[in-house]
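Paired with subunit B in one complex and with subunit C in the other, subunit A is shared by the two complexes that follow.
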Partner chain A sequence: MNNNRITLRVWGDYACFTRPEMKVERVSYPVMTPSAARGMLEAVFWEPQICYLIDTIHVVKRGRWFSFRRNEVAKVIQLGSVKVWMEAPEKFKPIQADDPGSKIPPKRESTRAQRNMLALQEVEYLITAEVRPTELGKQQPLVKYFEEIKRRARSGKCFHRPALGAREFAADFEYEEDAVAAFARRRQELCASQQPYDEDLGLMLYDVFALNDRAIGFQWLPEEAALTDVRPAKGKGKPAAPRFAGVQAEPQAVFFHAAVKQDVLDCHPDRVRFARRNND
Partner chain B sequence: MSTILTNRHDFLLLFEVTNGNPNGDPDAGNMPRLDPNTNRGIVSDVCLKRKVRNFIAEFAPARNGNGYGIFIQSGPALERTINEAVDKNNKSAEAAVKWLCREFYDIRTFGGVLSVGNEVMKGSAYGQLRGPVQFTFGQSFHPITPLEISITRCVQTTIKEEDKERTMGNKHIVPYALYAAKGYVSPAFAERTGFTQGDLNLLFEALLHMFEHDRSAARGEMVVRGLYDFEHIGTQGETNAEQNKREARLGCAHAHKLFEGIKVGLKPGREFPQSFDDYEVVCGWSDGNLPKGVKLNKLSEG
Partner chain C sequence: MLLKALYDFAHSRHLLDDLAFAPKAIRWVIQLDVAGNLLGVVDTSEDGKRGKEFSAPFTSRPKVAGGIAEFLADGITALFGLDMEPENDKDNERKRKDRDANNTAKLADFKRQLSQAYADTQHPALAALTNFYGDHSMPAFLRYGLSQQAGANEKSSWWLTTAKGEEVKLKPDNFTFQVEHQLLLEDETLRDWWRGQHRQEIGTRDTEAQRGICLITGADDVPIAATHTPKIKGVPNTQEFGAAIVSFDKPAFASYGFDQSRNAPASTEAATAYSVALNHMLATNKHSLQVGGMKVCFWARNSEDVTDVLAWAFEQPKPESVRDFLRAPRTGTEVALAEPEEFYSVTLSGNVGRIVVRHWMQMPLDSAIANLRQWFADLQIEVFSPFLFSDKIPPLALFRLACTTVRDAKDLQADIPAQLYRCALDGTAPPLSLLRPILNRLTADLCKFGPGILETPIASKTFKEITDSKTPIPPPGQSRMALIRLILNRNNQDRKDSDPMIEPQVFETKDEAYNCGRLLALFDDLQMRAHDYQLEGAGVVERYYGAASSAPNSAFGILWRLHQHHLKKVSRQGDKGRAAAEAIKRKIAEIAALFPQPAPLQPPQFPRTFSLQQQGRFALGFYQQKAADDAARRTHQAKQGDAQPNKTPETTP
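== the complex of A and B ==
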């Protein structure tokens, strides 16, 4: 056991932790996923020198199911089309979000699609995560990053606004010293029933990368930038080094067997059972 | 051309509807959106974004380095042509994304999803362009009672009904409701999309006036009753400008605490809100008690 753990209390009016098997009409998992929890911590603070391993998620408020249908567009921006428009602006075509059934002229080609979303309403969680140094951060004292996270979470600073699964479901957060104590306190404040929440959730998305890749350190770089150095080469005849010498990791869904026991979803990789396609 | 946005903003928008339908629910025959658990009214984030887009499309300022095109269009908005083509030699994906951000106000503000033509990276963070501005759902402060109003129409909508003199139709209204929506602006994403201070000012202008240019019989009267913008400016003195800049980017206080300072309640003796007059909106923040490093811009009140 080490003490490099931080706890963040997060809450919001709505949440949707979309199940990957049902992404046309979004359906949320009943509980926050470890990847969503990681995303929230990273919204507050993250540097390539550290990574978060989600330890446990305390379910303070489970929330209620909530269904919602909105008009969306079924099209994404095609990179190829953008390149054409850059050269010939007169060929530009916006994405039309008109009602396709509309009888009012002019008739346009519309890509509007009505999509449903089964989300959660009024949720609150306590995220406890272990802060680990990556290969890039081995030389630095971890306490430096640890203190920075604490400082930010305490004073409400964040790199960008954290969200519960989707950006329209913005979340608030607060630093908590101790997850168990905070959980007991919140339960009392909410006058919630003391009936513990137990549920076997089956397979749940753990994250979108293999854990071992993450431990190396992690940077999103466009292909060109990963291979070329933008810094001027120092000294005579010194070849420009690549900006990042690591392996290029591709997104890869990893699932685990999730079960909420006594209000707690345990998700530390040392303690959970992963489902993998090939035993690597 | 103004500078890239450097300060975090959290804003609260209060708006009301009188005898109208602010946002229909396609799941319920276009009834006003309603949270079945609490009976409070809801206005979706995309509904608000649509209104901002429509406002910008109609009142786009003159090009000043950045264009003000709208990529996701709806309704009879004027077709705007983009006049400036870029260097033909630069064909990288990064250049294309930059071009999109420069030309289109909605992409610069709300972001977008790009198809990168790679099956593996599809839908991943690689193809996502996250915009600095995010809206939450608008929620009414009190339960709403949607009414269905039957109307007679003297114009027939289908050929089958042509011989009839009048047909029946219906529409839904909310007699009165006051809604609140929260918005957040993250400067870290503003740096990526090139969202400027001028763009933010334009967004606020759009929020203040979007309902005035969106009048329709169905929507009744919609009025903005408050726009409180909390700007994070940094807690340090003027001598420590560098540190101030860093703080302003990350913010100086919890957003929920800032929003909690604006109290909206019914006046004593009123039980069922029928107009804005029944509400009491009290801004508990003054220069003296605002958290250090935060500035409140009351862009609209009452």
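== the complex of A and C ==
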């Protein structure tokens, strides 16, 4: 076992780790997915030189199921309309979630869509992840990043608020030295004499991007760097200088056979069984 | 997990064996002779509304785009290229054109299948059909226009002349053919041909589909379904032709630039399997249950019969059978459970084109049954006036329990029955907030109609009063009180402070709220006795229940004075009256002794207010005391009845 592991305790009032098959009328997985865990760590600290491999997820509080309905919209924001907004805000027409049956003029085209959500209430997890350097970060000492993560997590800093599955479900987090000890401590604090949680979850989403692509790393280059990149121009016109280093990966869902054993969801890529190996 | 469980269900119950056919209501049979001459059209329906169900060919091609007809049995558009509503969109040229094009394509598709089947099988009946189609496109038995005795505002519609010569207004019904007494749907040659055709359809669909990984089975390199068919029918608040659980038809529903159902890749086979499984369950009441605006489906992984107990428990829990269920803990279902069984339950509701999964549960079957038994044990409560209950829905049915929270059953939101269903199966406590509407309804009904509403069934005199006032009939007392007891006790279990657990019958406790309720019941009884059970108009319950249950000190101040008058009146009714007054006085004194008395001969000091839970216990104390007194009076009367055989005991309703 190498020492490049960090543990973050995360908790929040609500969580929805949406299943892909039921993502319109959202239904959550019963436990946090590895990709949600990765997202939380990346909210605290991430640079193209490193990537996270989720090792284990301890389920401290499983949460209760609850369902509710909200008014959402059916359209997505178009890039063009954002540009209009930046240039002439008065011309911008927002996407409205008003009542399509409304008799009150003016008659507008409504894009409201009522959507239900079956989510979890009051959850707490311990995320243990391995920090690995990407191709871009091979020259750097890993300890530099490792220490930075620790420092940031200890003081509660984050780039954006970590969230439990959906951005509206903001989460709190805390750095933990040792996952097993932290788990035992929390169990005692919650004075829970619960039975250990064992459940076969069936197929679960591992991540939307293949792990190998992640290990290469991706980085936008500053404009000057892109210009100095000398590449043969394709045909006539401008030189086709890429604006990034690394690979631009295609999204490709990866599923694994998930099972919670003794309150722990094991999800290290070396130990889990994928529905499809991401390298074939 | 849900879809996988459904997929397994479809396989274990062999639901996928004959997908080429599906049950279909067909109302009209067009009869032809061997030469293809029309003999007449016969109505198959028994009630004149809905056609008889036949096993009819069922295409796997998606029908959303239009222009697709079923083989042998379909509506007039497919059979004759006619529009059900020819006048729709007549002002909109483009739409009208689309409709016409669709109708023509549908007819062409229908005819294409017939001629192909004829080419392959050379079936003589199909030759007759070709002849039938040969000479006319508009059949003689159809007519578009007004009825014979047209009213002023009548709109044109399709009329069909049957073999008997009657003219019947046509609805969007299905037709099929019969040649020389042989129904083509039932002809084995044609059925075999269709099976082959269906296999081909599936083959084309699968070769045309993109390949990828299936998130239901985990298999790789399988054809991925672009849309999941067949559609799921029978969920409330969805359209009649069905809806989908997995669908991504709006830009905001998709992610990462994925198109359609590639957002959730599932193989064509798995998608069909789970849809067929759900449709199967929704169509039978052995596996599904309608609660409010939701449909609950439940099943056990392997065995078929064990889920019967659930359908019974929520829909028809007759008092006798509940008693048996509680008394015989090791019979019936459990014996069948030699090996551990997994139990699944899913709650579905509709959102127009999509199906919403409201709740999903998976647990060992024996713990589900144990929880159910606990549910009925917790619902046990003494029944006030236990006559044979003849209502269609028993008092402990889920629907009745849920109705205790509303004035009228049609106001019931789907959430409440769903919540109760969940609590029954996973053994948790319903939220305390449910108490508020139940108690509000109880107070309102008591103040309006008096204690008669607490009886099960509701006392006949009160029942008449309720119907006369055109108020919806409230659920019987047992439903209300059983649920209040369950909510109070289950929420009380984990708490350290010592609120008493409420027993099914009246019991001795030091709890103030419970005893105040009992006291009010005694006062009520006393008043009734003072008026020789002939009191018309509002008694103490109608007048003071609301105040007594929320602000007892103020209400009981008045009640205390009143009861002394009533006592005096009773004691004047001869020797018997004096004895009765003494007995009641003693009972009241016993309870009153639990409250501090500021000075001798002064009324005791009652609490100023009661919290929500206390109000619940007040209601139960009141109800149980009334029920106990009533039972005592009944046995007394029965004894007297035995002594004087000529006088039959009073039994209404």
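The working rule: the second predicted complex is superposed on the first by the 230 of 280 C-alpha atoms of A that agree within 3 Å, B and C clash if a C-alpha of one lies under 4 Å from a C-alpha of the other, contacts with A are read in each partner's own complex, and residues count from 1 in each chain.
FYI, contacts are C-beta pairs under 8 Å (C-beta built on N, C-alpha and C of every residue); 3 or more make two chains touch, one makes a residue touch a chain.
Note that the structure is predicted; figures quoted are calculated from it, not measured.
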Original post:
Which holds for A:E174: it touches subunit B only (first), subunit C only (second), both, or neither?
Top reply: first
**OP:** Could you say whether A:F183 touches subunit B, subunit C, both of them, or neither, answering first, second, both or neither?
**Re:** neither
Original post:
Can A:F255 be said to touch subunit B (first), subunit C (second), both, or neither?
Top reply: second
Original post:
Between subunit B (first) and subunit C (second), which, if any, makes contact with A:D13: first, second, both or neither?
Top reply: first
Original post:
After superposition on the shared chain, which partner residues are touched by A:P94: those of subunit B (first), subunit C (second), both, or neither?
Top reply: first
**OP:** Determine, under the contact definition given at the top, whether A:E72 touches first (subunit B), second (subunit C), both, or neither.
**Re:** both
Subject >> Contacts of A:H160 with subunit B and subunit C, given as first, second, both or neither >> reply: first
Original post:
Quick one: subunit B or subunit C, who's touching more of subunit A?
Top reply: B
Original post:
Is A:Y125 touching the first partner subunit B, the second partner subunit C, both, or neither of them?
Top reply: neither
**OP:** Mind working out whether A:L201 is in touch with subunit B, subunit C, both or neither, as first, second, both or neither?
**Re:** second
Original post:
Which parts of subunit A are touched by subunit B and by subunit C alike?
Top reply: 67, 72-73, 76, 114, 116, 208, 251
**OP:** In the complex, go through subunit C and note every residue touching subunit A.
**Re:** 1-4, 213, 215-216, 218, 220, 245-248, 250-253, 255-258, 263-266, 349, 351, 354-360
Original post:
Quick one: in the complex, what on subunit A touches subunit B?
Top reply: 13-14, 64, 66-73, 76-80, 82-83, 85-90, 92, 94-98, 106, 114, 116, 121, 152, 155-161, 163, 167-170, 172-174, 208, 220, 222, 224-225, 250-251
**OP:** Name, in rising order, each residue of subunit B that touches subunit A in their complex.
**Re:** 25-27, 35, 37, 44-46, 50, 69-76, 81-86, 88, 91-97, 99-100, 107, 112-117, 120-121, 124-127, 130, 134-137, 139, 182, 184, 186, 188-189, 247, 250-257
Subject >> Interface residues, subunit A side, partner subunit C - complex >> reply: 19-25, 27, 65, 67, 72-76, 113-116, 118, 201-203, 205, 208, 251, 253, 255, 257, 275-276
